[in-house]
Amino acid sequence: ERLVFGLNWVAEAEYGGFYQALAKGIYRRYGLEVEIRQGGPQVPHAQLLAAGRLDLGLADNMLLSYNFVAERVPVVAIAAFFQKPPQALLAHPDAGVRSCEDLKGKTILVATEDRLSWWQWLRHRYGLSDSQLRPYTFDPAPFLADPLNVVMQAYVTAEPYVVRKVGGFEPVVLMLADAGYDSYANILEVRREVLEERRDAVQRFVDASIEGWYDYLYGDPTPAHGLIERANPEMTDDLLAFSRSKLLEYGIVDSGDALELGIGAMTDARWRSFYEDAVRYGVLEPGLPWQEAYTLEFVNRGHGLDLKRRLREGR
Amino acid sequence: MTETGAALVLRGVRHVWPNGIEALADLDLVLADGSFTALVGPSGCGKSTTLRIAAGLLAPSAGEVRRAPDGPGAVAVVFQDPVLLPWTHVLGNIALPLRLLGLPRAERERRALDALRLVGLDSALHLHPDELSGGMRMRVSVARALATEPRLLLMDEPFAALDEITRFALDTELLRLWVQRRFTVLFVTHSVYEAVFLAERVLVMSPRPGRIVREIPVDEPHPRARAFRASVRFAALCGEVLEALEAAGGDP
Amino acid sequence: MTETGAALVLRGVRHVWPNGIEALADLDLVLADGSFTALVGPSGCGKSTTLRIAAGLLAPSAGEVRRAPDGPGAVAVVFQDPVLLPWTHVLGNIALPLRLLGLPRAERERRALDALRLVGLDSALHLHPDELSGGMRMRVSVARALATEPRLLLMDEPFAALDEITRFALDTELLRLWVQRRFTVLFVTHSVYEAVFLAERVLVMSPRPGRIVREIPVDEPHPRARAFRASVRFAALCGEVLEALEAAGGDP
Amino acid sequence: MSGRAADRLLRTAVLAALLLLWEGLVRLYEVPHWLVPGPLAVAAELWRAREVLLPALAVTLGTALLALVVAVGAAVTLGVLAVLSRLLEYAILPVAVTLQVVPVVAVAPVILVYVERVETALVLCAALVAFFPVLANTITGLERIDPEQRDLFRLYGASRWQELLWLRLPAALPYILAGIRVAGTLALVGAVVAEFAAGTAGEQAGLAFRILESGWRLRIARMYAALVLLAAAGLLLHGLLRQGERLMLRRLHLAAREEARPSSST
Amino acid sequence: MSGRAADRLLRTAVLAALLLLWEGLVRLYEVPHWLVPGPLAVAAELWRAREVLLPALAVTLGTALLALVVAVGAAVTLGVLAVLSRLLEYAILPVAVTLQVVPVVAVAPVILVYVERVETALVLCAALVAFFPVLANTITGLERIDPEQRDLFRLYGASRWQELLWLRLPAALPYILAGIRVAGTLALVGAVVAEFAAGTAGEQAGLAFRILESGWRLRIARMYAALVLLAAAGLLLHGLLRQGERLMLRRLHLAAREEARPSSST
């Protein structure tokens, strides 16, 4: 059975579990023929998903899931593969930034998109101002050009590596999750139509992906890395290994609820509290039927926990 | 002259250009079918304007214009400038109206070659306009008009850029064709001698605003011999036209 | 004629156009300073080409060209086409060379107005070229050349688009200026009468390839009276030129 | 009814027909509102969001106009230099083609590092997008002069500058103005693309931000409302430039005249 | 040395000078290599990464060339239609300006949703970027005909089609070709921008992907290597189009002739 699954960015370690499932034939074992399509910075991922060009897609954060509801687009979140958002801020060790409290007065590079999401959390919590912002184009050059005064947004899995390699220093990393921005990330989204007509296939996809993730994190990542490098030749073994180690180190995929309920876990409490924060910070409107943004019926079953145990013991 | 059977009638034609210059005022002109009329007048008096109105290329500010027969192919114009298409050669330029009139290819070529031979350019067939001399260009333009075998032929100083010998040869060829086909000709020229030699009557225009001030019939029968040009009558007629022209008054 | 003191010398000039047409072959031409020479020849024989080479606007394929004096302002050309700038009015067009030659504003205006008056266009001062008749345009071009008060004046059928009266008036004006200023003139014309009336000698060109085949001196002193045109000598000279022209052979 | 009024009526009718077609297609094929909304929905959203969108339009339009001025100035200057000297031409053209071919997102980081003010960086980026058509047309126009007119200038010893000023530039005007007309719309899209690439948000956010924001929030009707504003601004700018072009060419007697012509009979 | 060889030498010398200038500036101001690398570093990287970059260039170039063909075809057709009928002009121009003004990233979703093959979508997007200058120049050219030549066609009862085919189109050719030259480079940048929007990666990844990816990874030398390839392709395309334009105009005797001229004395 064929499923088209769209990534919201180009192939990298952040999608390692899916590639692992593909590479090791886990999807095939579940009777699925999965095609993974890469995204990119300007790829209209959400619209492609909504229009049925993709069967399944990923949302970068929960705001997108709520927006599907707000705009009455029939797309639902069914699993959260990142328990924590991997976003972080990077600062030079000599810049005197140890925590978010120290950000006042610094110039902060933030991409336009992110000014609508976590920046609002940060701004409200720490009393920062929009006038500190400079555009971030995913190119760390402006940060490296003036590292003592500039703080840069980053994926903890990628940019620290680049900064260390090119800038020659180990940056201070401030995880946004620790700063109160507690969105899920890599949220698996599916059109309602697919959900209803191919419920079984969707469940199999979720289960296979969960197994893929366990296998990727705790087993041998080489198969996934091979596929990723083929899909995106700019990737190096080095960087992939770095990213994977950060996924593990920060518990991005497997921490909190996921430890109990298995990878992909989501809870009503988290969906509610995030929505309330978003309303408080003026990012979302109040009165949304926010429960419609997701369904818990595909996750929280502890699927793959035994696989994890086996893998860890095998090591 | 009666208007029935006229090839061209202009009645009370007036033309004012957008910049306010009154080029023509109350101009009347009737060309009998098959007649040969010359039009002379000082520079800037409105001859070209008259021709463009007669051809239906310019709408007069007031007055009436009638042509019979009318329609594509009935009228041909030799403009004061050659107006050739630079991107096609001499043959192509001459064949253009024939193509527009829908003539078959063979007929087009035959007519175009005939016309080119007439103006002595059969050797320049495949040259482009930018490879021609001024006089050659003008001859191409004449050949283009003749090739359409029009019923009404309007010519604006067609031979002004030609030397006396070539000019006289073409005058003679034109007359021969006219005698043979009896189309109607309105011939603007600056040469009084050419006007008198060719036409059945010479009209003299005066400027500011332009109107016809004199009509001088030339009652020498056609075909006219070369001797006519040397005759006393010819000289007298030329003198008469020149006088009228002088009376019409030009700019300088 | 000696070459020292000559205003223009062409020696063994040959010109072949890129398309292979040999426009001139071994042409020799010497203009004495202050002389008035007319150049006649059948259409397409190479008169315009000769003029452009003489003016230094075209490099001949072979041969030698010398002008004395040379440099900006020494030579003026009246091209066969008027070559006006469409975006400026008559006055601007005439003042252009004066501006290029660096004359002060007042002087420019004076000269431009004088030249315009000469050709009878002082009332068209502020019209643009597209608002002029064919003859008017050509007169602007003549005025532009005269206004520069050149030492060598090259004219390519300057009056061909003008009626007899205007043409004769301008012929006379040109002669008057020439007698007064004694510049050197090379005057291409299709009118044998004009050539004989104006020039001290008439050169006849033959085509294919172009070269000078006849030189006919006109030993009537200047200023020439109108009566000269009616004289038997005039008629005889014209006859001689016409004969030479006929012998030179044209296209038709 | 005068010709001009009839013209305006026709223009409006055609526009209305296009909008009707759009609404019809959307309804006929039941295109989902989050993919392409109908014009009615867009109009409603435009009205609703006017207080957000109009200031954004003003910001973008300001960037675009400044960029247009910069682009035209630079392009005409460079075109003139390229025609004045072959050496300069060989230096200018490769750089110009390179700048044209390189996408804004790739140069934006460098510009952002060296240009302190984001607004200035935006104008520069947009100008980069707009300037090539003007340059290309300017060079073409400056090179296509009448050889006889050029002879005239040579004859009277015109310097290169005089030839340029009094012959080449006026003769090239139709080409240059056609290039400017293209540059007008390019500057507008360039401003938006620059905003995408350089990313401004907040109070000085231009239309790009509103478009992106609406896209992420899946408020597609608002996105289309922003696009409609952009298109309207583009049409207005294009119309103004076209009108200006016509007037200028007519004043300089360079327009291809349309004379009054007789109707077929009479 | 023949004029052409001298010309080529000069061209190469100027290019070399530009590269030297670039290297010099980078060294003088000690521009960090992760901001702007010098040409030597870029050349080295170009060689090192040739097996990645050359296929990517081929992909992008293929898209661009197809897009150019599509854009020119559409633009000339629409330009012809606009000139043939005022009604069509009023329908075509607003749509064209709108399509020009709307950034590719905003139309890409609709195109990607309705066009199955990503390659086709890419070509369409790139063509959208390229087509406006051709359209604008085509319309300008078709409208700027000699009134006397037009009279000639009227006189002999030419239909609109005949007038178009035998008068307007040849007369407009210099304008159309100038537009195509601009469109060539625009198609190239359009292809890159379209790749951004359509996000093709992997084996058929074009240059855009290499540029972005290298940018994020701060392999700026590689990014510049990709940009240099892009620029080289642009220059080549531009040069070819310019050469073709010259040949065509010369063949049709529409070129502004440059005659052999005497040197000042002699």
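As written, the chain order gives the labels A, B, C, D and E, with residue 1 at the start of each chain.
In this text, contacts are C-beta pairs under 8 Å (C-beta built on N, C-alpha and C of every residue); 3 or more make two chains touch, one makes a residue touch a chain.
This is a predicted model, so every value here is computed, not measured.
Within the contact network of the assembly, the step distance from chain A to chain B comes to 2.
Of all chains, the one whose Cα centroid sits at the greatest distance from that of chain C is A. Pairs B-E and A-D differ in how many C-beta pairs touch across them, and the larger number is found at A-D.
Distance between chain centres (mean CA atoms), chain C to chain D: 49 Å. Centroid to centroid, with C-alpha atoms defining each point, chain A and chain E lie 39 Å apart.
The geometric centre of chain A is 86 Å away from that of chain C, both derived from CA atoms. Among the residues of chain C, those touching two or more other chains are numbered 56-57, 81. Multi-chain contact residues of chain D (touching two or more other chains) are listed as 35, 105, 109-110, 113, 146, 154, 196, 215, 257, 259, 261.
Taken residue by residue, chain A touches two or more other chains at 42, 44, 47, 51, 137, 139, 141, 145, whereas all remaining positions touch fewer.
Taken together, the chain E residues at the contact with chain D in this complex read 7, 10-11, 14-15, 17-18, 35-36, 86-87, 90-91, 93-95, 97-98, 100-103, 105-106, 109-110, 113, 132-133, 136-137, 140, 143-147, 154, 174-175, 178, 181-182, 185-186, 188-189, 192-193, 196, 208, 211-212, 215, 223, 227, 230-231, 233-235, 238, 256-259, 261.
Of all residues in chain C, only 17, 19, 21, 40-44, 47-48, 80-81, 118-121, 123, 127, 131-136, 139, 156-157, 160-167, 169-170, 173, 190-192, 242, 245-246, 250-252 touch chain B in the complex they form. Chain D makes touch with chain C in their complex at residues 146, 148-149, 151-158, 162, 166-167, 170, 173, 252-254, 257. On the side of chain C, the complex with chain D involves touching residues 52, 55-57, 71-73, 75-77, 79, 81, 83, 85-87, 96-97, 99-101, 128-130, 148. Taken together, the chain E residues at the contact with chain A in this complex read 32, 34-35, 52, 105, 108-109, 112-113, 196-203, 205, 209-210, 212-220.
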